[in-house]
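Consider the two complexes below, in which chain A is the common component and chain B and chain C are the respective partners.
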Partner chain A sequence: MRRRQFPPQSDLLVLLLVLGALVALFGLGTDGFLGKATLGSIANRIPALMLVSTGMTLLMVTGGIDLSVGSVLGLCGAAAGVLMVDDAWGLGPALAASIALGALVGSINGWISVKLRLPSFIVTLGMLEIARGLAFLATHSQTKYIGAAIESVGAPIAGWVVSPAFLIALGIVVLGQLLLSRTVFGRHLVAVGGNVEAAAISGVAVDPPRIWAHALLGGLTGLAAVFNCSRLGSADPNAGVGFELSVIAAVVVGGTSLRGGRGSVLKSLLGVLIVATLEAGLVQMGASEPVKRVVTGCVIVAAVLADTWRRRT
Partner chain B sequence: MRVILAAAVLAAALAGAGCKPSATAPASNTQTAASPAAAPAPRPKIALVMKSLANEFFATMAKGAQEHHAAHAADYELVVSGIKNETDLGEQVNLVEQAVAQGAAAIVIAPADSKALVPALRRAQQQGIVIVNIDNRLDADAANKAGLSAAFVGPDNRDAARRVGLAVAQKLKSGDEVAIIEGATSAFNGQQRRAGFEDAMQAAGMKVVAIQSGDWEMDKANTIAANLLSAHPRIKAIVCANDNMAIGAAAAVAAAGRTPQVLVGGFDNIAAIKPLLSAGRVVATADQHADQLAVFGIESALAVLKGAKAGADRATEVDIVTAASATGPQPRP
Partner chain C sequence: MILRARHLTKRFGSVVALSDVSFDLRAGEIHALCGENGAGKSTLIKLLSGVHPYGTYAGHIEIDAGEARFRSVRDAAAAGIAVIYQELAFVDELTVAENICLGTEPARWGFWLDRNQAQRRAAEVLARFGIALDPATPMRSLGVAQKQLVEIVKALARDSRILILDEPTAALAEHEVERLLAMLEELRGRGIACIYISHRLDEVFRIADRITVLRDGATVCTLAPAATDASAVVRHMVGREIGELYPRKARLRGPALLEVEDLAVADERGRQRLGGISFALHAGEVLGVGGLMGAGRTELLMHLYGAWGRRTAGRVTLSGRPVPGEPASVLRSGIALVTEDRRRFGLHVEESIAFNLSLSSLGAVSRGGLLRPGAEQKRNADCARSLRLKADKLSAPAGRLSGGNQQKVVLGKALLTGPRVVLLDEPTRGIDIGAKLEIYRLIDGLRADGCAVLLATSELPELIGLSDRILMMRDGAIGGRFEDGAAIRPEDLLRAAIGAAPRPGRL
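What follows is the complex of A and B.
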C-alpha cells in the first residue's frame, strides 16, 4: 500500500493550484474579472451548490449517490413559492417547510435504498422524475414571483460584498467538515463506505448512518432551494434541471471517491469554486455556449485525472 | 388532480355555453347539451401535438385549445399531447406516429425542431392527414424538399422581438451598450428573436456588446447577466428572449445594485413577469396570446377538413406589453 505517501493537505494544494491558475488566466484575459463585483457575484451564486455539495459529499463517502437533488431543489422551491405567494406564508415558516420536505424526500430515498437493498442510483433516478412531476403539479407549471419577501436572503448585505445565504452556506460547509472528520458519526460514514462488511463486524450499525446521510442531503437541498429562489426572487418549477451533475462534478473534482470511503467537504468546496469560477470566467471572456460546455467538461476530467495521478505516483 | 382538471374544463364549457357570443357556438352548444351521445356524424379527431406541457407557455396554449373544444365539442374531437422536455425530438416524432395510428384527421403541431419533424409529418400527410404548423415554423427548405405542405399559424417572432427591442431602446441614448441573452441557439424562434433584437438595436443606434445563450433558463440567464454586468460596467440594457430569462437577468441587475440604470426586456408575458413590469424592473415584454395560438391552428385545420383549399399562412398578433399597458385592459386580437 503506497497510497498515502503525501500528507492529506497536498490534495488541497492541487485544488488550490487549479483554482489559482483559473483565476490568474481569467484575470489576465478579461478586464473586470478580479473586481469586487465578479467575486461577489460568484460568491452569491454558489450557496445552493455549496450546501448540496456538502450533503452529497457526506452521502458519497458512504458509497451512496443521489441523482434527485436537482428535482428536489425544484420541488422544495416550488413548495416554498406556492406557500409564500398563494397562502401568504412568511419566509421563516416557508423555509422550515422546504427543509422538512427535502429531508422527507431524502429519508424516503435512504430508507428504500438501504432497507430494501436497492442501489441508491436507481431509487434516486426514480425520485428525480417523481419530484420534478410534483413540482410541476404544485405550481401548475407556472413560475411564482415572490419578490422582496425572499430576496433579502440572497442579496448582498449592505456595505458587504456577500449575501447572508453565502455566509450561512460557508458555516454549514465548516460544520459538515467537522461532522465528517471529528465525530463518531463521521467515522461511521467513512467506515460503511469503505467496507460495509468490515464495519458491521466491528460493531457499527451500518444502516442508520446511510439513511441519515440521505436525509441530511435532502434537508440541505430544501435549504438550498430557498436560497436559489431568493437569488431569483421567484420559484421556477424548472429550477435545478441538471443541477445534480454540477453537484457531482464539484464533489468528484474535490477528490471524493464515487465508490465511497474517502472524501472531504472542504475539498468539495474547492470543487464548487473551480466549477463556478470557470463558468463566470468563460462568460466574461465571451465564450459561446457550446465552447463553455466543451471547456467545462475538459476541466472536470483533467482535475480528476490530476488527482488520481498524484495518488499513484 | 384529474378531477379538478375535468371540473375546470366542464366549468369552462358551461361558461362558454352561457355567454359566448360567437356565431357558430350557440347551435353546436345546444346540440351537445340536448343529445351528447346521439351525435350522428363521426366527429373528426384533431391531434394537438405540443412541446413541453411543463412550460407555462404551452400549458396555456393547451388550456386555450381545451376551452375552445369544450365550446365546440360537437365539431371535433381533441387529443392533446406534449413531450417531456423541449428538446426531446424522438418523443415528439412518436406522438405524431401515434396520432396517425389513432386515426387523427388533422395534426396541429408546435414542432420541437424545425427540420427533424418534417419526415414524420410528411408520412402523415401522405396518408391524407391535414397538417397545420403552429408556434415554431418548419424549415421551408426541408419541407419543400420532402414535399410537405403545411400552413403556418403563428407569430412573427423576429418582428415581435424587434418591437420589444425598440420599446427598450426608446428609453436609452444612441450609442449606449446593450447585451442580448438569447434562447437555445438551435431553436428557430430563438434565432428569430435574437435577430429581431439585433435589428432593433441597430436601428436605434445602440452598441450590442455581448450575445450569450441562456438556453431559455432563468438560472442560467441569471449567471450570465451577473457576469455581463461586471465584464461590461457601462451596459444600459439586457434584452432576453423569454420572460424566465428576463426574471433571472432582473434579479442579477438588482443584486449588482444597478436596478434603475440597467433596463431589462423580456418575451412571452407570463404571469410572473407582471409584478416586475409594474415595479419597472422589466420594461417591456411581448404577448403572443398563447391561448389563441392553438385555437387558430385548430380552426385552420377544421376549415380544410370542411373542404377549404389548403390553409393559408396566418400571422397571429403580438402585443408589446409595458408597465403602462400592463395596468390597463389587455387588447385581444
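What follows is the complex of A and C.
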C-alpha cells in the first residue's frame, strides 16, 4: 500500500521528456523531420485519434472500455458518406448525423453494459462485429467517393500548417480535460471507477456517469469518423480496422489505468503524440511496416511497465 | 527466556520507527503489547518475524540465548516464530487440511500430492488442540473466527513456539473471542509463548501475564496486570491525562426525526433478515444499537440508508415524510451513513483526502456542475481542522492515513453533507485510543448540535458510554430496549443480545 511520493505533475513531465527525446532523436537522425512538412503531416494525421482517445480516457477512468470504436468509426463514416453522396446532404447535416449515430451506438453499449451488468469488454466486442457489418450493409461494401466537400476539414488551412480538424480536436481535448478535472461529472467518473461501492454509499448515482461516458465516446467517434473520411475524401466501410487498439495504446501510454479510477485526457494526448511521432519518425528513418509495428508494440509495453514500477515502489 | 530483544532501533529514512526498544518473552507466557497506532508495535513484530531482515536495524534479537539473524520470514519461521496477521492469509478455494499443509505439502516422489496424508496430518493437529473441525471442510465455508483457529493450528503444525497475534479479535463476535482466548490459555499451558496485540484492554487484562506499553517507538513500561488497571495503561499509551473517556451527557432530546415502524427486510435471496423493528430517533440524542455479530446491526443501518435489502413490511419516515430507497436520495433528504467497512464502502483509498472529503457534497462547492476549486479547498481545510485530521496535505492519498485518520475522513465526508440524522456503524473499529476519543468528541458534538445519531457498535463500554438509549438486536429483531443510559448494566445488555444468561468472564 505504501508508495513512494512523487510530485503530482511528475507523470506529465516524464511523458513530455519522452516526447522531447523522440523528437530530438528523429530530428538528429533524419533530415527534415523537424521541418514544417513532417510535423504538419503528423498533426493532420491524428485528429481522429485525439478525439477518440479523449472519449476513451473518460470511459476508462470509470473502469469501462470500448472495443467497438474502430467499427463505429467505419459505420459513422459510411453513414456520412452515403448521406453526402447518395442523398446529397451538406457537410454540416452529415456531420451532425454522424455524431448522433455514434452517440446512439455508444448509448446502447453503455446501457447494456451498465443496466444489464455485463462487462463492457464483451458488450463492445459484440458491437465491434455489429457495427462493422452495418457499415458494409450501408455502403453495399463500396467505398463512397465524397470529394472536395469533405476534404477541406482535414486539409491544412490556407497559409497555416494545421487543419481545422486538428484545431477542433485540440479544443475538445482541452474541454475533455476540464470536464474530467473541474466538473462534478468528472469527479463522479473518477469515483465510480475508483471504488463503485464507496461511490454509491457516498451518494453518487453510479449508473448515469458510466452510461454518459459511453455515449460521449460514441459521439466523439462520430465526429472522428468525418475527420477520418476527410483525409481521403471518401468513406471506406473498412475504415478504422484495428483503430481501437491504437486508441487504447495511446491512452495507456498516457498512464490511464485499465482498472479505472485514474486517468488524464492531457496525458492521453501526449500518449497520442508519442505513438504518432514514433511511427512517423520510423517511417522517415526508412523502417519497414513490420519493423514499425514491432517497435511500437515494445514501446507500449515498456510505457506501461515503467508506469507500474513507478507506482509500486 | 525464549526470546530477548535488545536495544532495537529501526529507521525508515529520517523517521525513527523504533528507538532503543528492549523486550523479552518467557516460554509459556502471554505478553501483551499495547500502544496507539504508529507506536511501533507493527515495526517491532516485523523485526521479530524477519520481515525486516538482520542488518536493516540496530540492536540484537536472541532466541534461546543465541543471537538470531533472520534474513527472511522463512528464517524466523524455522526458528519457531509465527505471526497471525489481521488480514488472514488463506486460499479460500482449498480445504482446511490443504490450508494447514500449505507450503509443506506431503508429497510422493517429490511432486505427487498425497492427499490422504495431508488429511491425516491435519486431523491429527486439530485433534491435538481439541478443535472440532473436519479437515475436508472447504475454507470458504468457515467464519472468520474458525479461519483464525485454522491459521493458528497451521502455525502450531510447524512446531512454532512463539505465536504473534496482531489484533486477532478485531473481526470476532463476543463468544468467538471467548473461544480464542480459551485456546490461547490452553497453549500457554503447553509452554507456547505468545505476543498478543489488541486495542481491547479488557481482553488484555483477562489473558496477559505481562503488558508492555509502547509509545512513539519506545518502550514506556512493562506492567503486571494485577498491579495496574486499564486507565493506567491508557494513560501510558497516550502519554497524557484523558480525564473522562466518554463525554459527559446532558439531556438534549428534541422532537422525533427518524421513525421506524414495524420494519421487515429480506436479503437479495428473499431470506427474511430483519423483522418487527420499531423505534423513534430524536434530535439531540444518541441511540445505541448493540447485539452480537450477525444480529443485524449493519443490515439495519444499510437498509435505512437505502443501500441494502428489500423491504417486505413497515414504514420509515424522516420528519413524517417517507425516506427514499436509494443512497443518493436518502443523503439528500438529510441522512448520512458512516460505514463499518471503511476500505470497501467508505473510502477511495487511491484518491486524495480532499477528493474523499468532498465526494458526497460536491453540489455545495460547484455552480452549474462546474467545481469551484477555491471554495472546495477552503471548505476541506476547515473540515480537516475541525476533525483534527493528522495529515501533511489533503492532496495525499487517503489510503496512506492511519486507521483513525481514515475514519475521520469518512466521518468528515458524511458531516459535510449537513445531515440531520447520522447513522454510525462501528465508528471506532480498529482505530487507536487517541483517535477513538476524538471520534467520541465528534459524536458528542453532533448530539449537541441537535443531530440524531444512530450508533451501532459491538463494544459494550462504548455503547453504554455514548448512548442516551440503547436497542439490543438479536436475530434481526429487537431483543431489548434500555431507556436510561446511566443505569444500564452490561450484563443486562448481553442477556438481551443472547436471549439467555450471559457467559461469565467477558465484561
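Worth pointing out:
Note that the second predicted complex is superposed on the first by the 308 of 313 C-alpha atoms of A that agree within 3 Å, B and C clash if a C-alpha of one lies under 4 Å from a C-alpha of the other, contacts with A are read in each partner's own complex, and residues count from 1 in each chain.
Note that contacts are C-beta pairs under 8 Å (C-beta built on N, C-alpha and C of every residue); 3 or more make two chains touch, one makes a residue touch a chain.
Small disclaimer: the values here were computed from a predicted structure and weren't measured.
Once the complexes are laid over each other on chain A, chain B and chain C both fit without any clash.
Applying the stated contact rule after C-alpha superposition, one finds that A:Ser234 touches chain B and leaves chain C untouched.
Once the two complexes are laid over each other on the shared chain, residue contacts for A:Asp207 go to neither chain B nor chain C. More residues of chain A are in touch with B than with the other of chain B and chain C. Applying the stated contact rule after C-alpha superposition, one finds that A:Ala199 touches chain C and leaves chain B untouched. Residue contacts after overlaying the shared chain place A:Glu289 against chain B, while chain C stays out of touching range.
Of the two partner chains placed by the overlay, only chain C lies in contact with A:Val184; chain B stays clear of it. Taking all C-alpha atoms of chain B against all those of chain C in the superposed arrangement, the shortest distance found is 39 Å. Interface residues of chain B, counted against chain A in their complex, comprise 1, 53-56, 59, 85, 185, 210, 212-213, 215, 217-219, 222-224, 226-233, 243-244, 247-248, 250-252, 254-257, 270-276.
Chain contact summary for the complex, chain A toward chain B: residues 30-33, 35, 37-38, 41, 44-45, 136-137, 140-145, 147, 151, 154-156, 228, 231-234, 236-241, 279-280, 283-284, 286, 288-290. Of all residues in chain A, only 1-3, 5, 8, 182-185, 187-188, 190-191, 194-195, 197-205, 261-262 touch chain C in the complex they form. Considering their complex, residues 305, 307, 327-328, 330-332, 337, 339, 344-351, 355, 358-360, 362-363, 366, 369-371, 373, 395-397, 399-400, 413, 417 of chain C touch chain A.
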